[in-house]
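In what comes next, subunit A is part of two complexes: it sits with subunit B in the first one and with subunit C in the second one.
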Partner chain A sequence: MRLFLQLLFRNRLAGFGAVVLGVIVVLAVLTPILPLHPPNETNTANRFLRPLSEGHWLGTDHLGRDLMSRLMWGTRLSLAVGFAAALFAGLAGAAIGVLAGYFGGRIDNVTMRGIDMLMAFPYILLALAIVAVLGPGLMNALIAVAVVNIPFFARNIRGVTAGIVHREFVDAARLSGMGNARILWSEVLPNVVPVIVIAMSTTIGWMILETAGLSFLGLGSQPPQADLGSMLGEARSALITAPHTSIVPGAMILLIVMSVNLLGDGVRDALDPRLRSGAPSRPEATTRVERATAPEATESGLLRLDRLETQFRIGKRVYRAVNGVSLNLSPGECVGLIGESGSGKSVTALSVMGLVASPPGVITGGAVRLDGQDLIGAPYEMLRALRGRRVAYIFQDPLSTLHPLYRIGDQLAEAITAHQPVGRAAARARAVRLLEDVRIPNPAARARAFPHELSGGMRQRVGIAMALANDPDIIIADEPTTALDVTVQAQVLALLDELRRSRGLAILFITHDFGVVSQLCDRVAVMYGGRVVEEGPTTDLLAAPAHPYTRRLIACVPELGGGRRRLAAIPGLPPAVDDLPPGCAFAPRCERAQDACRAGEIALAGKVRKVRCLFPETTP
Partner chain B sequence: MGGYILRRLISAIPVLLGITMIVFLIMAMIPGDPATAILGAYATPENVERLNRYLGLDQPLLQQYLIWLGNLLQGDFGRSFALNRPVLDEVLERFSATLILAGTAFVLCSLLGILAGVVSAARQYGLADKTITFAVIVGISVPSFFLGMMMILFFAVQLRWLPVSGMYSIWGGGDLPDLIRHLTMPALALSVVATGVIARLTRGAMLEVLRQDFIRTARAKGLHERRVIWGHALRAAMVSVIPVLGIQAGFVLSGAVYIEMVFQWPGIGRMLVDAILKRDILLVQGGVVFVAACYVGFNIVVDVAQHLLDPRIRA
Partner chain C sequence: MTLALQTRDLARSFDIGRRLIGPPRARLHAVRPISIQVQQGETLGIVGESGCGKSTLARMLVGLVAPSAGSIEIEGRLLDRADPAAFGRLIQYVFQDPVSSLNPRKTIRQILAAPLRHLRGLRGRELDARIAELFAAVSLRSDFLSRYPHEFSGGQAQRIGIARALAASPRILVLDEPVSALDVSVQAQVLNLLADLKAKLGLTYLFISHDLAVVEAVSDRIAVLYFGALVESGPAHKVFATPRHPYTKLLALSAPVVGRPLGGAQSGELPDPLNPPPGCAFAGRCPHATEICRREMPALRAIEGDQHAACHHPLAP
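Take a look at the complex of A and B:
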């Protein structure tokens, strides 16, 4: 409960709603003892007095009745009726929903069909029909509004109950011999109550509005008794001559409903655990850059990453996902970037074209140079023009990385028209040819398929075709075969290798699989804890790993060229990159580690074979 | 596709039957004698009995229902006593006015709501997002009838830009520009609440979609951000927005009752309220059944649209 209130009031708007509503409720409760004129005392001599008149703060209405007093009494009535309707609808709907959801079967079927039927009406029709039967009157309006809202509660709560009934703790209760009534009371109800509260707190504003509406139509409270709705309804005929008589009750309804809604949203957010972490943040078009200065340009190459630093900032914590990574990619070369999950290899790859989700990602230092031109902090339009045109990506899971609602031909054509001034028809024809290039059988027909209609391997070929759409110089493949079967994996790798040779592509290949690396890559860089710990020509590095981590990593692969392997053989866990130890990040898991390893920065030493280790396994 | 539409139409039949049953039962529960209600408290017992026989009210309930249903299916909704004309004529005439009002409001709230929601999500936590979020909070809390009255005060009385009420001018009106001038305020007032709801939902759906992997793919292809937001993201978000549009259509139709009262719009909502106050039962019955049936039809359209949009449920 304390936690609930804390959460509620941390939301400033909800707190504001609670305070306003609290004041209104207290005033409404105190109305009978406040020094007010009697609400129904008419005085035709003082009709339509303006606000701030002597003795009548808010003026008088068409019968000379004190508006202040009528407003307070009307508020009292409206609040009471609205809350009563919500309570009635909530309890009745919850009862129906719990019973239908708990017993299921035929009871559930019949009740829910009835509920569906009621929901087929626009709500006011049902309310009007009920008032037509019962006759106009505040009580009848209350019943109408409550009845109309029962289906909403019943359906919501039935769903939740049906979900709970099949859970283990209910089975356990049943096996221990509890009766239905006890199970409902002690096992089901406690789990349903928060849902009821959420549903009520988010609909109570509506109920107040709806009862006021029926009164406004003359179907609710009858004169001389007045709630806010009927006050507004009576004032309507004098709208133009005495607008204050309308504005006063109308503004009060607005204030009440708004504070109720704000509070209701707050209650929902505080009670619903999924929303507790706050609204999701959407990634911006490019990764944010907060870099003091770019490092001096050294020699030029096709793609050079120079001391790249990328962080994730979540709350007060800073995760150094990429911590000074330097890499070089020459034309036609394939470089493998290998490491466990969380080592920063994917973030390194995504940083190149500013595709790291931001928030929370921020590039804080280093440079990424394409033909000598720094891409970090480059204007959006320049980056966009290079994305897919010169540097293209292939992502891991093609089911989630292809748009589910566009035909694959259209998705390919779109990649082409984004960079080249070709017409739709020409782009489509090119798309079909691309599908052919990646060995998709019957490409013209497949172009009309949606991603979910293709197999995993086919989808990844589409992903590759999309990357090839604009004849890029560089392809960054982020674990493109991880989600595939071993046989399909081999086909996809063969295809990539062939395309590389025929088109002279440079490939940065991210993987956690040494088997894949040995098949495809000229050079390998091994990442650990956001840093490159070893780098060198594939054959040399595989034959004689220098860094203890690399050696252990290779030792995890029983036989090179096989499928996916786990890293179970290394004791301990990869480091959390928000709390890196000084010195070597691998030291806590390394049997060769000595005090010097934990003392301070260790440089990546060497020319062709580089290693970041004080006590390497072999001297390169 | 055709098969789906057919299946959907067939599944609507029991719903429509249920609606007629509910309406009939509610109306049958009216205490007292309809004939007395029509003829007044001073009618002679003979006259009351004759009218009851004429109306078929001396028959058992089930038979009454079947006769009423049979007549409905033949397009005979009975006769309104207060207006002394066939119910269906009155309902059709009034419903077309409501359709103009509610239809315009629905288009407005869909367009504005989605627009506001997308902008809000694309500029999350920016000034536009905060402004829209605040407007939405006020928008979903304001009683439409009060808003309508304030609009009359401001735009019609103060600024004299638009006519105070009605559907056409009494003198000389009747053409389309005249209708549009009369329609502007009520349609806007009616659309406000639904706009708020749709904007809020669209924002949430967009924020959810924008975190998906396929958005990163679209950006990696080098698509312009405009195209990423308004094409890829919105298309995917619409899957969760469209069902809500269907629900909001019901709310717009319902809200039309208040707006018709405020703006003296000759629609079916005002007709129903008048009929209830005059206890013109057949008119209420006919009007409710007719509007509910139209709403069921509209929901089928929504389902079909959903079906067209999402190839995954088509499979």
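Take a look at the complex of A and C:
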């Protein structure tokens, strides 16, 4: 709750809305005890008094009633009706949505068709029709506004509920012996409530407006009772002669609707889980750079990372995700980057082209040189021109780079025309050829498929085709086969290996699987706690790992053919990168650790075989 | 030895494109009739690729999905209604994704208390004592109990998932890819914990995984699923040393192994589940396929001793 308020007031507009609305609501609540004229007391002698007249601050209307008093009473009524309508619509809609989403099947089908039918009517027509049937009156206007808003809530909430019902924790609750009622109450509802609150806070303003609209047409509150809409309606005839009678309620409506909407948007943002986890509301185009000086180039190569440092700053915490990583990639070479989750592999890869989200990501040091040219801090236009053209990415989930609503052939063609001056037809022909290159059967027909129509393996092939579209020199593949089945993984790996040989591609291959590394990579670097702890030619390194972490990690990997057995484990957990110990990050889990290991920085030593350890397993 | 679990022609199909009235547009056979037997104290490894029906089978076995046909018997009791509460005291489920199987808005204590309360009727001091016991059994510190799921790493969350599954003192655990979401160094911690618990509590396991090496390390017997059907079964050492079904062999060869060159890759994909081929579902990818394979679906039959395969031309050992 504290977090929620903090986030809410970080947004200035929402704070402003909250203050304005707060004042209005307090005044409306206090209206009965404020020293006001009775709102319905007519005095035809004092008709149309201007504002700031004696005894009537805001003047009087066509019957000589005090506008100030009518405004306050009217606001009170309009607010009450608007809130009541929102509450009613929200609760009824949520109930329908939760039940339809939870039970699914026929119930869902029937209710949602009904809702669709309601939504097909123009909004205000439907409200008018309802009032026409029920007869004019404030209560009926309230009902009409609430009813026309129910479909909106029902639809939203149903979607969210259906998503939650398919989550595994609901199954787990069933297996814990809970019945439907209990699951709805204690598992589903707490997860739906934030959505209900968001939907209400963003629609309540409109509901106040709609009620005012009905009253304006004379279908809502009946004279002499004042609400903002009826005040406007009655003032309509004197719009020219006594404009203040219209302006006063009009301004109030404006204030209310504006403040409610600003506040509602703020509530929505503050409850948004993405913002809560510190993700940016507006990410920068490339990763932010705060670097003192670029380090000297140590070696030359096609792609050369020198002591790269990338951090995430979330609140007061600093996560040193990448902590001085140096790597070299030569043309035609495949280098493996291996490590457990959270060791910094992905952030290293994304830092190369400035793709780490900022905030919270910041590159705080090091250099990334492509053909000797430093990319850290390069302008966005330059990085964009290089992305895809010289350095292309393949991700674990190809759907993250494919647009769900466009045919894959069109997307490929677009990727080509973005970087090359070719015509549409030529680009399409190339797209089909690319699909053929990645061994997609019947490429011409498949080019017309949408991403969701393909299997996981086919989609990843399309991801590879996307990466190949502009003949890049370097491909950075981040766990491209982790989500695939082993037989499909074997096909994709074979394809990558062949492409690299036939096109002379350099590949930075990120994985957590030693088997994959051994089959594909020439060299491999092992990461732990944001650092490279060991590096070397794949066969040597795997045959005789020098770093204790590497050796024990390899020992954990079960291999087929070992029979029934107990597997090796590394006790403890990988370090938290916001709280790295001084010295060796592996020391708390290492059997060989001595005091010296915890004392201070340990360098990555060696020429071809490099290891960051004081007491390595072998001397490379 | 006594039977812990037995299924007879257990099958499940799903209706695709259901209409308000009238029959569905298509029917998808997620699990074709499967008969398996698991002895008390045994671990049956179930392997197969995504979409082959592993999870649907598992969810039927714990009562989360109603079978379309066939029967399930647990310790001699016929469970013919998909009622997770009735199943829950005998058989429990450990989920693949440890974090998403824990409700983000509940503390670990609340999560563990649910099965104890609803399935075992524990209250008050008894309940607290049992929670403490469970937590100790999966080697977690008791001060974790008041925390929320997002504060845990994958390995810790999976220990919590195991503790929850064990809460109602079931006889059988269905472990659905319990370590696939974990890093290898943590994976072994969880597997070893599972082995210890099994020995201590005399449990029976159904261990589902796509990772053959992991399955081999933990299983007594193996069942291989392909396209919703059981294609090979038998003692673990036999199935891995001498696979009889070409698909089992392909699986074994595809797993990336340190020091083995890339290979074993075969083109071809799973058949379209809405339009299954008339004969053997593997025929499109099988190097030994002949004309009869494309015409007739092979039945599961004993090849040698207790090793079974569904293939017209089983491989020689």
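Basically, the second predicted complex is superposed on the first by the 379 of 620 C-alpha atoms of A that agree within 3 Å, B and C clash if a C-alpha of one lies under 4 Å from a C-alpha of the other, contacts with A are read in each partner's own complex, and residues count from 1 in each chain.
Here is the rule we go by: a contact is a pair of C-beta atoms (placed from the backbone, for glycine too) under 8 Å apart; a residue touches a chain by one contact, two chains touch by 3 or more.
All of these numbers come straight from a predicted model, not from anything done at the bench.
Touch criterion met: A:117 reaches subunit B, while subunit C stays clear of it.
In the superposed model, A:45 lies in contact with neither subunit B nor subunit C. In the superposition on chain A, A:386 contacts subunit B only, with no contact to subunit C. In the superposition on chain A, A:175 makes contact with subunit C only, while subunit B stays out of contact range. After overlaying the two complexes on the shared chain, residue contacts for A:254 are found with subunit B alone; subunit C is out of touch. Of the two partner chains, subunit B is the only one touched by A:205; subunit C is not. When both complexes are overlaid on chain A, the residue A:136 reaches subunit B alone and has no touch with subunit C. Once the two complexes are laid over each other on the shared chain, residue contacts for A:603 go to neither subunit B nor subunit C. Across the two superposed structures, the residue set of subunit A contacted by subunit B and also by subunit C is 113. Across the complex, subunit A is touched by residues 15, 18-19, 22-23, 26-27, 29-31, 121-122, 124, 137-138, 140-143, 145-146, 149-150, 152-153, 157, 164, 204, 206-208, 210-225, 227-228, 232, 235-236, 239, 250-251, 253-255, 257-258, 261-262, 269, 272-273, 275-277, 279, 281, 284, 288, 291-292, 295-296, 299, 309-312, 315 of subunit B. Contacts from subunit A toward subunit C in the complex involve residues 105-106, 109-110, 113, 167-169, 171-179, 182, 186-187, 190-191, 340-341, 439, 441, 455-458, 485-491, 493-494, 497, 512-516, 518-520, 542, 552-554, 556-571, 573-574. On subunit C, the positions that touch subunit A within their shared complex are 18, 20, 49-50, 59, 62-64, 84-85, 87-88, 92-93, 95-97, 100-106, 111, 114-115, 117-119, 153-155, 161, 164-165, 167-168, 183-189, 191-192, 195, 210-214, 216-220, 236-237, 240, 250-267, 269-270. Against subunit B, the residues of subunit A that register as touching in their complex are 13, 113-114, 116-118, 120-125, 128-133, 136, 205, 209, 212-213, 216-219, 232, 236, 239-240, 243, 246-247, 250-251, 253-254, 257-258, 260-262, 279-283, 285, 350, 353, 355, 357, 380, 384-389, 392-393, 395, 397, 400-406, 414-415, 418-419, 450, 452-453, 466, 469-470.
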